[in-house]
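Some notes on the structure that comes next.
Residue numbering begins at 1 within each chain, and the chains themselves are lettered A, B and C in the order written.
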Amino acid sequence: MKRTVPLIISFIVGLVMVGEFFIPHYKYRAVTSELLEWGLILAAGAFILGLVNLVQVNLPVVIQKKEDWGYKLVMLITLVVTLLIGIYSGTGRQDDGEHYKWLFDYMFVPLNATMFALLAFYIASAAFRAFRARNLEATLLLAAAILVMLARVPIGEAIPVVGDYLPKVMNWIMDVPNIAGRRAIFIGAALGAVSTGLRVILGLERSHLGGE
Amino acid sequence: MYQFLKRFQSLDRRWVFLGMAISIVLPMLFPVHFPTKVDERVQSLYDRLEELEPGDKVFVSADFDPASRPELEPFFRANLHHMFSRDVDIVIGSLWPFAPPLVTPMIEDLAAQHGAVYGEDYAFLGFKMGNELAIKMIGDDIIKAFPVDSRENVTADLPIMNGIRQAQDFELIMSVSAGFPGTKEYVLQIQGQYNLEIASSTTAVSTPDYVPFYKAGQLFGLAGGMPGSAHYEQLVYEDYPVEGVRMMATQALDVLNLGHLYIIILIVFGNIAFFLTREVEE
Amino acid sequence: MITLPLTTTGFGIVPLTAEVMTLSNLAGVWVSIFLTLAIFSFLYEDNPIYKLAEHIFLGISIAIGATEIYFGVFKPNLIDKLAEGRLLSIIPLMLLVMLLLKVTKKLDYMAKVPIAFIVAAFAGVKLTGEANANLMTQVAQTMPDLPAVYEEHGIWSWDADGAGVFSSIFLVLGLCACLLHFYFSARQTKSMAVVSKVGIIVLMLSFGASFGYTVMGRISLAIGRAQELLGLDKPPIEMTIGAGGDPINRMSLVRMMSLTTLIIIIVFLAVWQKKRNHQED
């Protein structure tokens, strides 16, 4: 029973969603629109589940004063304060002078942006230490990479003689071998997605439902 | 020589980081500008937008966050400026939770510059979670997906939403996308089903993935990464100049020159050292 | 606001007007610079300043996400509809409650129903999307109209970036070679090995292009941060701290703040490193 009901729901919902692509009738679309809206709400609920889980995991660490409990406390305080300010500020939370806007502009933006900016340095380190032309395939990969890096920036086009042809060769790489490789991956992924989707709808794939 | 090359290969990575930092900061302090040719995919995007008539309605999906701001904000601003200059009505929505606080000031800034009236010339519907499901809803029934806009006005009551119920009621869709969900999901979920015209501005990382969509005709234009944004900026501000405009992507492209050269030098010297030491060991 | 004469800068012609920067904004710029450099300090070594910034990031990002989700989804699509008396909205509310019961030990089995709903909804939507856009359209577009291509570009056209009959055939054969390479369970005969090798070569060219673009993307992100730290993200206008203060160039102010913060962090790291070495001894 614990599994049967979810499997039946999987089948009905999955089938209705597949049918949405083929049946343009407005009454059918009204049903699918409603189901899609429920899906949006549940997807949002999954995020909230993550938030609750985060608190569940970190609060005991703070209470029991385990390792790094001070940092966890800072995290939880930041979370609660920002959430309260955001909800309390309401629709006007993004107006100038609002605390929520201050937190977003001066704390979240630099933190988010800088976390990803670190990658530029790691890619430089990887380029120096790990990218070796050990065989034909690796050499081709590096050659294509170097060509793209040179051709995509203005300095590449400014190189005498070669500069006129670099962007053309780069565009050829993007338009021919890149598309060949990507399409092969897309086709393979699409076949996988279709088969997995069918398995979920037909109840053959049950791993997301867990144990009994 | 062998010992030097061996030590060179195991150079502390913090020196490499420092070199990267210098290659970014130096061209900012001492800029050297090189001209660049506009990419055909960006030209195609620009030309299609030039065909828009006053009163045409366009949906812009602003799906980026602060991390992808350097690549996409210049395009987003130039795109809004382009469409406002052509009196096109713009409806903006987002699938990323961190986008609304980021793009709201940009939208209001550009709307104020053009004297655009909220609800008539433009509207920001806010954020909707759900990835593919949200996109499907935008395709099926955008009013149901966004019952109220970001200012909690009833979406159906906005004058700009007159005659708009589904994605296909828009003239075209502009996807400013930093990843998932974004352009790919728009193409997969609703482009084919409703035969929509979609263009994309995306990060450099995603650009090779979207070239097949462009070549297959599923996207009518593609501005990839910083160069894409820079090319689009050049086209827009040449035809629709703004006094004192900051072409951030064009300036950043000059910084990329040295950054790329640095990476190329690292790869080349790293490989030279590797092969020479391997020869000695053999 | 004081209006000063126009001048040319790296940003084009900009009217220099002295804007008033409030203490809140000034504090914000300091905090922004500190947090940026705190994250960058990880490049030296994992340290307490970085850990602090990382945990603040975690807390604030989840809170902002939850806030936007509340105003973007829960309020308009659920709460407001329930408040209007729409009975059908009770079903998603029930499903949501069942989903949230996953955090409990006794009633976590109730979450299977909403999870089944959402997984099936995504599966159904993705199935048709992938089959239509990735399978059918991409395959259809791969097949070239060779006579038309020959008429337009000939065998090879430099002006059209290498378009032509050669490239069209290369694309089709390359795609087939890649697909056959992915057929891992096929018997590895000599001809299959050759086809597989061609497929790998095509994939390497594709991944090389990807890598080149990835490098560009990553450096672009670092450029964005550097622009903010050097005050190049906004025009170099004159500012006053609070009303009635002496005007100061914004760019210079930001650079001074960045340098000061960098020195403070370096000193902190040096002291922390010394303490750690001392403890290890």
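The rule we apply is simple: contacts are C-beta pairs under 8 Å (C-beta built on N, C-alpha and C of every residue); 3 or more make two chains touch, one makes a residue touch a chain.
These numbers were taken from a predicted model, which means no experiment stands behind them.
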According to the touch definition, list the chains common to the neighbour sets of chain B and chain C. A
Using the stated contact rule, I'd like to know whether A-B or A-C comes out ahead in C-beta pair count. A-C
Which chain has its C-alpha centroid farthest away from the centroid of chain A? B
If you average the CA atoms of chain B and of chain C, how far apart do the two points sit, in angstrom? 11
In whole angstrom, the CA-centroid distance of chain A from chain B equals 16
Report the inter-centroid distance (CA atoms only) between chain A and chain C in whole Å. 8
Do you know which chain A residues sit against two or more other chains? 20-21, 36-37, 39-40, 43-44, 47, 91, 93, 100, 104-105, 108-110, 112-113, 115-117, 120-121, 123, 127, 142, 145-146, 149, 152-153, 167, 171, 174-175, 178-179, 182-183, 186
Residues of chain C touching at least two other chains: 43, 61, 64-65, 69, 71-73, 77, 121-122, 125-126, 128, 130, 132, 134, 138, 161, 206, 209-210, 213-216, 218-219, 221-222, 224
Per-residue multi-chain contacts in chain B, two or more chains: 17, 20, 24, 40, 67-70, 98, 100-101, 128-131, 133, 136, 152, 193, 208, 212, 215, 225, 227, 256, 259-260, 263
Residue ranges of chain B touching chain A (in the complex, touch as defined): 9, 11, 13, 16-17, 19-21, 24, 33-37, 40, 65-70, 98, 100-102, 104-105, 128-131, 133-134, 136-137, 140-141, 144-145, 150-152, 193, 208-209, 211-212, 215, 225, 227, 253-254, 256-257, 259-264, 266-271, 274
Which residues of chain C touch chain B in their complex? 10-15, 43-44, 61, 64-65, 68-69, 71-73, 76-77, 80-81, 121-122, 125-126, 128-130, 132-134, 137-138, 140-141, 161, 206, 209-210, 213-224, 226-227, 230, 232-235
Write out the stretch or stretches of chain B touching chain C in their complex. 14, 17, 20, 24-25, 28-29, 31, 40, 67-71, 97-98, 100-101, 126-133, 136, 146-148, 152, 185, 187-189, 191-193, 203-205, 207-208, 212, 215-218, 224-227, 243-246, 248, 251-252, 255-256, 259-260, 263
Please give the residue numbers of chain C that touch chain A in the complex, ascending. 24, 27-29, 31-33, 35-36, 39-40, 42-43, 51-67, 69-74, 77-78, 88, 91-92, 95-96, 99-100, 102-103, 109, 112-128, 130-132, 134-135, 138-139, 142, 158, 161-163, 167, 170-171, 174-175, 177-179, 181-182, 199-216, 218-219, 221-222, 224-225, 228
Residue numbers on chain A that touch chain B, as the complex places them: 20-21, 29, 32-33, 36-37, 39-40, 43-44, 47, 91, 93-94, 100-101, 104-105, 108-110, 112-113, 115-117, 120-121, 123-125, 127-129, 131-133, 142, 145-146, 149-150, 152-155, 157-158, 167, 171, 174-175, 178-179, 182-183, 186
